[in-house]
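Shared between the two complexes below is chain A, which pairs with chain B and chain C, respectively.
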Partner chain A sequence: MGNKTVNLIGKNSMRIVLTLLPIIGFLILWQLAAMFTSIGNLMPGPIQVIESLFISFAKPLGPHTIQMHALYSLKRVMVGYGSAVVTGIIFGVSLGLSKMFRALFRPLFELIRPIPTVAWIPISILWFGVDEMSKYFIVFYGAFANVALSVYMGIQRVDPVLVGAAKMLGCSERQLTFKVVLPSCIPYIFSGMQVALSAGIMSVVVAEMINSYEGIGWNIHAGQQTANMTQVLTGMVALAIFGLLMAAILRQVERRMCAWNTRNT
Partner chain B sequence: MKKDFFSKYTVISIISVTLFFVIWYVLTAKMMIVPAYVMPDPLKVFGALLRKFTVKTPDGATLGSHIAASLQVALMGFGFGTGLGVPLGILMAWYKTVDRVARPIFDFLRPIPPIAWIPVMILWLGIGTEARAAVIFMSAFIPNVINSYTGIQQTSQVHIWVGRTFGASDFELLTRVAIPSALPNIFTGMRLSLGTSWVSLVSAEMLASTRGLGYMIQIGRQFSRTDLVLAGMIAIGILGGLLAVILEKVENRIVKGRQGYGK
Partner chain C sequence: MADSEVDTRQREILVRVRDLTKRFDDLLVLDNISFNVYRHEFLCIVGPTGCGKTTFLNSLTRLYDITSGEILLDNEPVDLRKHNISYVFQEASAMPWLTVEDNIRFGLKIRKFSKDVADARVEDVIKLVNLQKFRNYYPAQLSIGMLQRVVIARAFATNPTLLLMDEPYGQLDIELRYMLEDELIAIWEKTRATVVFITHNIEEAVYLGQRILVLTNKPATIKREIVNDLPRPRNIADHKFVELRETVTQLIKWW
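Our next item is the complex of A and B:
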């Protein structure tokens, strides 16, 4: 038995080593390339980037420290994304449940939906000015359609057997909606929220790159304008960590709230 | 679909869309609730869209050449992203060694939104077509790899067993069993990456370009030509929709024997 555990640990650590090896190799190659070839003139090595990331926790990068930048971006994502989730769920549910609502709003929705989020930035600046409002709007638009469509699809795919069974047992329309249809589309709501979250983060970064004075996207853009490649890459790494963290939090919430349904994501 | 063309709900839909444009027109052209530089009326926008085919001001090119520039870059980046992403996803899912080597680096690069690459690519490749194509490549590459990978991984074990029983080699199993059964997933990846390609194209053009639809709306904003901005948005929306429809037609041709939901 002891033998077996040792073997298991050996296998596990072997796997970890095998996973880390390519990353380390990639980083070393990058570092060497930055140190010894002309790539060094174009971009810093990984050590410099990670160092700058850690320094930026204490020393401001531009107007703020990196965690303040992240908080600015977080606030924009939260306001825009939060309102998109709420309205998107309501809109999607209404689309799915009411034929009248669908007839009224589906065509308009389909008319506006193909326009990519970024194309709204110039007009949102004209409408809402350069303040926070235009960024909220961009994040909202980026997230809304994802949530709405996913919820709508979820309602369409409610298992007909469940609906039939509920009806046979004498469910009223109201009970059917609240006890069967809505709970069964919760996984779709979450998958829509997950997709919408990455869309929202992407939108906030573009919005900040085009028009802002702070935030993670600003960092990347400001670095580009002053040809400060370290700042650009620091911003990118911070952004990646930010996105991963948000997705992980949402996944935890999902695991708590619908434990019966384990999606493999 | 054709049968209920004039049903009650179709009529309601038509009325709702018409009403939308009428209200827009009345609010802007008749009641002047907002000045024209904030929101021009719909007739002006469509007029601007049509006129832009011949007029070069204020951004120095007609709508046709903007569209050509955008399409060229988008298709180039999407083509390379699909051409490299799909095979890599397939190989990663089928061969453990490829997976071990490529997966960690891929996971490392994956969470970075494609548009964050814009500054890096501009620094590496200049502000020419190559930089934009490279950004679009990044945005098309990632969904393609992920979806092909899941597609191959979801190959039914039974199908593989049957293939083995009939003496298929490993390579034959891959090309005859796994890849065909992964095709729906591969196309889902292509559809997703086409969407993201189009988004990153527009942002790349807004940030650094001298041609293309994104550039056109950016200049339109700087000149307060809101009609042009909206016309550009409409053109972007229509083209993006068209590309998606074309891809769907191709998919319907190639993917056979689909089960379950769908049309």
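Our next item is the complex of A and C:
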């Protein structure tokens, strides 16, 4: 018993060491390079960046503090991504369940889908102006197809044995949809949501870099414009933390809602 | 033997299969099969691998359309929404997103049993299959043997008029199979359900069945009906048991 606990602690700390080692190594290398090589003329080291990040919590970068920038980006992601998740699930489910819907909308969907998000920015400004709406649209577009496709795939991959079993237990077509097909899609919905989240964050950054006066993406762009590499890197680090937090939250939600799909973890 | 055949004929017919034929395009799988299933009996159907056993059950339940012939349950064509038939598939079929308890409750909810009745039924069958301690587990956390018990509990929970089982223990190791076979017999004796049990394991058929239908190779027809009135609990080493097992083996060997 005692032995086992020690073993477990040993294993856990081993994992933490393995995780941190490359990160710390990378930071040290970066710092050394910034201090002792010509890279130092081009960009600051990590200490300076992290310092700048902390300072930016109190002292505005451009119009806002970094947390305000993050809130702007967060709001855009929430609105654009949130509506993409809702409509993407509905669209994917309709594609999967209705032959008619599939025949009507699949070709159109396949036609529009290959157009990259960035390519929509000029038209989105034309349609929605330079304010928030055009950013919502870009995030929405970036996320939508990922959710829709994943849900559609989930419906196609429903285990026919489970459908047969449910029929034998007396399910009507309607009950089959709600008690078997949709529940068995939930893991696909979440995996679509994860991919869509990365795509949504990418989209918001692109939108903010091209057409915005605030947000984390704006920071990076503004830093480039003024040749302020510290600001660029501060934005990038903030973005990494932002993305990591969002993905972690979504994973927690999935673990709560989808406990049956996570074996022993 | 003669006595039991008379006894069989006096029993009430639950399922009447007449001239059942099933083709998949050009492939004739079931060739003009006729027989009865009697109420409360335990019927085993044995046949070689690939002869059409699963096809037969799927035709009976209307999961497949039949080519010709007639299948009547209580003198009516089978209707899954109306008739209470349970079917334990060859493959694992517990719903992964439901706990053991909710899986067992699934059919009771669909068939709109009142909450009190459903609760009582769930408690009964969960005890029968010995899964009380695992009621809040998800299928991914269970072993194959436990999963099969969940499915069997689910099948018995609705108190089905007819219980169909398609090689439910085919994937299990021998010890577990013996245990579940005994469990099944106990449940059957308690609930008085009518069971049609399909297997290609001859020993299993002789151990379980009151009556055994031996099928031929594809296209399947009924080669022989055997009444098995060996007393329970049966002993697989008993010479009468061995004798009967040999008889069935010979029937399957000589086409």
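Convention: the second predicted complex is superposed on the first by the 242 of 265 C-alpha atoms of A that agree within 3 Å, B and C clash if a C-alpha of one lies under 4 Å from a C-alpha of the other, contacts with A are read in each partner's own complex, and residues count from 1 in each chain.
In this text, a residue touches a chain if its C-beta (ideal position, glycine included) is under 8 Å from a C-beta of that chain, and two chains touch if they have at least 3 such contacts.
Not measured: the values here are computed from a predicted model.
Contacts of A:Gly129 after superposition on the shared chain: neither chain B nor chain C is touched.
Contacts of A:Thr117 after superposition on the shared chain: chain B is touched, whereas chain C is not. Once the two complexes are laid over each other on the shared chain, residue contacts for A:Gln175 go to chain C alone; chain B is not touched. Partner contacting the larger number of chain A residues, of chain B and chain C: B. Within the superposed three-chain model, A:Leu108 lies in touch with chain B and out of touch with chain C [touch as defined at top].
Once the two complexes are laid over each other on the shared chain, residue contacts for A:Ile186 go to chain C alone; chain B is not touched. In the superposition on chain A, A:Ala165 makes contact with chain C only, not with chain B. For chain B in complex with chain A, the touching residues are 8-10, 12-14, 16-17, 20, 37-39, 100-105, 108, 111-120, 122-124, 198-199, 202-203, 206-207, 214, 217-218, 220-221, 224, 226, 229-230, 232-234, 236-238, 240-241, 244, 261.
Residues of chain A touching chain B in their complex: 18-23, 26, 42-43, 99-100, 102-108, 111-112, 114-123, 125-127, 157, 198, 201-202, 205-206, 209-210, 217, 220-221, 223-224, 227, 229, 232-233, 235-236, 239-241, 243-244, 247. Chain A contributes residues 161-162, 164-172, 175, 179-180, 183-184, 186, 258-261, 263-264 to its touches with chain C in the complex.
Per the touch definition, chain C reaches chain A in the complex via residues 61, 63, 80-81, 84-87, 89, 91-93, 95-99, 106-107, 110-111, 138-141, 151, 154, 158.
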